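All remarks here apply to the structure that follows.
Should a chain be cited, it is by its letter among A, B, C and D, assigned in written order, with residues numbered from 1 in that chain.
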Amino acid sequence: MIETQGIIVSNKPAAGSIHRIEVETERMELSKPGQFAMIGIPDEGFHLNRPFSIYKQKENRLTFLIQKRGMITSRLIKKSVGTKLRIIGPLGNWFSDAPAVIVAAGSSIAAFGDFIGRKDSTIFYGAATKDDLIDIKADFFSTMDGSRGFRGNLIELFMTKRKQIDKRNLYIAGPAAFIKAFRNRIDDDLANRCCASLEAYMGCGFGVCLGCVINTKSGYRRVCKDGTIFSLKELLL
Amino acid sequence: MIETQGIIVSNKPAAGSIHRIEVETERMELSKPGQFAMIGIPDEGFHLNRPFSIYKQKENRLTFLIQKRGMITSRLIKKSVGTKLRIIGPLGNWFSDAPAVIVAAGSSIAAFGDFIGRKDSTIFYGAATKDDLIDIKADFFSTMDGSRGFRGNLIELFMTKRKQIDKRNLYIAGPAAFIKAFRNRIDDDLANRCCASLEAYMGCGFGVCLGCVINTKSGYRRVCKDGTIFSLKELLL
Amino acid sequence: MKSIKAAGLIFANPFIAASGTFGYADSCLDFYHPDLLGGFVLKGISLEPRKGNSPMRIIETPSGMINAIGLENIGIERLIKDKIPFIETLHSVAIANLYAETKDDFIELAEKINEIKRIDAVEINISCPNVKSGGMQFGVSPEMTENLTKNIKKVSSKPVIVKLSPNVTDICEIAKAAEGAGADALSLINTISAMIIDTKKMLPALANVTGGLSGPAILPIAVRMVYQVYEAVSIPIIGGGGISSVNDALQFVMAGASLVSIGTYNFISPASIPVIIKQFNNEVKKTDYSYSDLIGIAHRQHFT
Amino acid sequence: MKSIKAAGLIFANPFIAASGTFGYADSCLDFYHPDLLGGFVLKGISLEPRKGNSPMRIIETPSGMINAIGLENIGIERLIKDKIPFIETLHSVAIANLYAETKDDFIELAEKINEIKRIDAVEINISCPNVKSGGMQFGVSPEMTENLTKNIKKVSSKPVIVKLSPNVTDICEIAKAAEGAGADALSLINTISAMIIDTKKMLPALANVTGGLSGPAILPIAVRMVYQVYEAVSIPIIGGGGISSVNDALQFVMAGASLVSIGTYNFISPASIPVIIKQFNNEVKKTDYSYSDLIGIAHRQHFT
């Protein structure tokens, strides 16, 4: 893990309010699947850095999928090429890169960049509408309005395919509420081999502030350092 | 005076660390010589707006000469075309547009945009070095290193021409220290027909915060509203 | 939105322009008409005119500013002569902000204000951190707060709002003292004592050394104090400190403020209050609640 | 720069990593070696492990953040077993930050710390606004501050630093009480009690309702307090609150701090302190003064 300067080399709309932002860093260790980085804008006054999954990495070049949500994401997606960023990463634990079944809603597809296009893995990918889906190859799509793939909730789509899910690892990512909803729909067999990458409000991103804890069977754990990936059965959501 | 949104339509280096920034506003009253505007960057967190002379105005388009000094000027000179600004103006009192003799050091030339090129006026313009002078027609130049015009202080240059100064109005602009130095060098006859535009740290720019006062013979006066232009003999510097 | 009743007055909306940031209700005229406000508080006034502190008087800080104006004002006589005629043409709630160094002067001031029909209420500034005597000394002691409030209540024919200082260990104690003495409402928070050092000059940046911190930096402290005072008293609260958006204003309301005040933001975006009022009304409509139900709602909701 | 003597200890430079933002001196290892610091303060430790508060525990505010971690920590036994062996390999000044709810527990903690050779000093946290009992209650009363400090001084074999709460009317009163009781140094400021309301949920954003505000927003308040305390006491001050640059650090030094502490900024730019130290040394060299002459210089200069 290091802190370094990054420079935006490309910033383009990817889908809906999601931008694909490429950042060239001074130096960067190689990240593993599902790791993230903390990003800040150094020249615009104090703010906490924000966590974003490292969608793709090629040497010192990182690609992020950043969805407009609040203050900092609104600014990031408007930044021109050449803007300097603060980057701390790679952070968090990671997914084993064994073949997997993946359930990704919205921008949480960014956690699974390394699995996209892999023949041995199966991706369920959903959003509100077609325009919110970034242009990737997934196996099953869902949209709430039916504009692409299954009409309705991603979890429901997944459940319709339940019988086809073999013994591969099952990976899911998103806010706690989404993961809880998923947990409540699936059976124990699936839950037992499911790993979930959680989102949490983060202060530091590297384990020191103790701000990002979630409740687990072994007490409070730091999402940023003990996670972001937890086995689903560990979580007390 | 109004508050309005401005959009940067041009931002180019003018000289040294001075940028010439053109802003197209939604609407703007016509400013008079020596008036200023308060500028803020609305999307980058709380900060006080900063005062800048309106160098040129054509309907809703304002031109500023902005010198990098601290936090906000550093950001402004880097802003790309399309950046939204907060503009409050025009503010302050103004110079009569009768023929005048003008003494302007550094970025304070921005207060005299309307006099540049006027045959009936005489401009003394100085900076540290040639590269810090913006490209305008002035009558007398000074640079500390002698790279253009008189070598040395602008006030000294002015004093060498003292005999040629007729009965026109005498205008000067700059920080209090510069104006004080000027006052201490000139005779009472000149001082009596000299008007000085002062700089001060400003909270609001339109007279309400009482933050920008300076001491005068009639007590504290607000630089932003009772000035920025005061007759030199009124000031207690 | 329905009008709001507080301290025996009727406010067309909950937004008040804060003292010292709105002049004598004339500073906004280029931007909007003061009748668009729920009310406004005039610049702090004293019996005699005050020159105020020497410059530098203000300095920016991270997400805030410090001021040490030192209550420069034109004095009560000129207020009456030069400013009240214009204020008489206005319709929103007009509040005078009183400053004095002694109890007797406060009483004399309050009596003079009784004569001004168009002033609807007085706000007593026992909390200014920028003047050498008076001011904050009253505001940091419950006994003095109680004593002063009682005395002013005795003479004043107007509702009395006590403006609390945040520079205290326990703001609830002071709030209760003011309520016990008959205050009709509380206003909080005033600025927080603060300073900046000019490291080039190796001196305090402000001539007065310390000044009062305002702006968004203090908002979380102000919200906390409003939240606490709401549980301690039952008189209405005018809440403020760093408000610059609808969300900020809603925080104060949900913490327990019946009315909200905007100060420093009037310097930054002087045309904003009417825009915020409009957006605020829309936001309130979007909730399932009436405005009065929203006041203090953060205390009543249960964690889920 | 020459080393700095304070509280009987020798610091290679004036920069201290603040408690709760530096873990057990292991969180910075990916960024720099802790020996580059003047010193560091360990995360607040209690006799028993503490679970801390429920999430949400932190929230950003304008130029700051509020935390309500609730002193989650591993307890003194595990500190000794798991963390001290690593700390023993370090060379900069190591300070333990002690937290307890009662005087007796504080005394017991201080006695346990006596056994840890590598700990150079104890900082007593009588100022945490995020825990239900203990903590701040001590820190807001001069009597309790004095009493607690005296008792800890009696048992402790290490220099005792008292960390003051800013949530008081008169910080000098508390500072003097601590000095009078024998404190070897003072540390200020801890966080300021604050809260944010989540207007969507209509609830306090943090599960603990209130928390402690830190970061640049509080810097001007912290500088003011250091300035005031410098005039009130003669023991050394560790000054901090919102420091994120050389200029910020210099403000604290010129206000009267012998040492400066960096907290929240360790979250934002964890590699920064050594960079700031370098720049700081250069800035000090550029002045005509020695470092020790700069301490409190803003009090001694005359306005011109």
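We adopt the following convention: a residue touches a chain if its C-beta (ideal position, glycine included) is under 8 Å from a C-beta of that chain, and two chains touch if they have at least 3 such contacts.
Just so you know, these numbers come straight off a predicted model, no measurement behind them.
For chain B, the chain whose average C-alpha position is most distant is A. Distance between chain A and chain C, defined via averaged C-alpha coordinates, is recorded as 46 Å. With centres defined as mean CA coordinates, chain D is found 33 Å away from chain C.
Centroid to centroid, with C-alpha atoms defining each point, chain A and chain D lie 36 Å apart. Under the contact definition stated at the top, the residues of chain C that touch 2 or more other chains are 62-64, 215-217.
Counting partner chains per residue, chain A shows two or more touched chains at residues 45-47. Taken pairwise by the contact criterion, the protein chains are fully connected, each one touching every other.
Within the complex formed with chain C, the chain D residues making contact are 61-64, 66, 140, 167-170, 192-197, 199, 201-204, 207, 209-210, 213, 215-221, 223-224, 227, 242, 247, 250-251, 254-255, 287, 294, 297-298, 301, 303.
Against chain D, the residues of chain A that register as touching in their complex are 1-3, 40, 42, 45-49, 86, 88, 200-201, 203-215, 219-220.
On the chain A side of its complex with chain C, the touching residues are 45-46.
Here chain D touches chain A in the complex through residues 20-23, 27, 30-31, 51-52, 54-60, 63-65, 67, 69, 72, 215-217, 244, 266-271, going by the rule given at the top. The touching residues of chain C, when paired with chain A in their complex, are 62-63.
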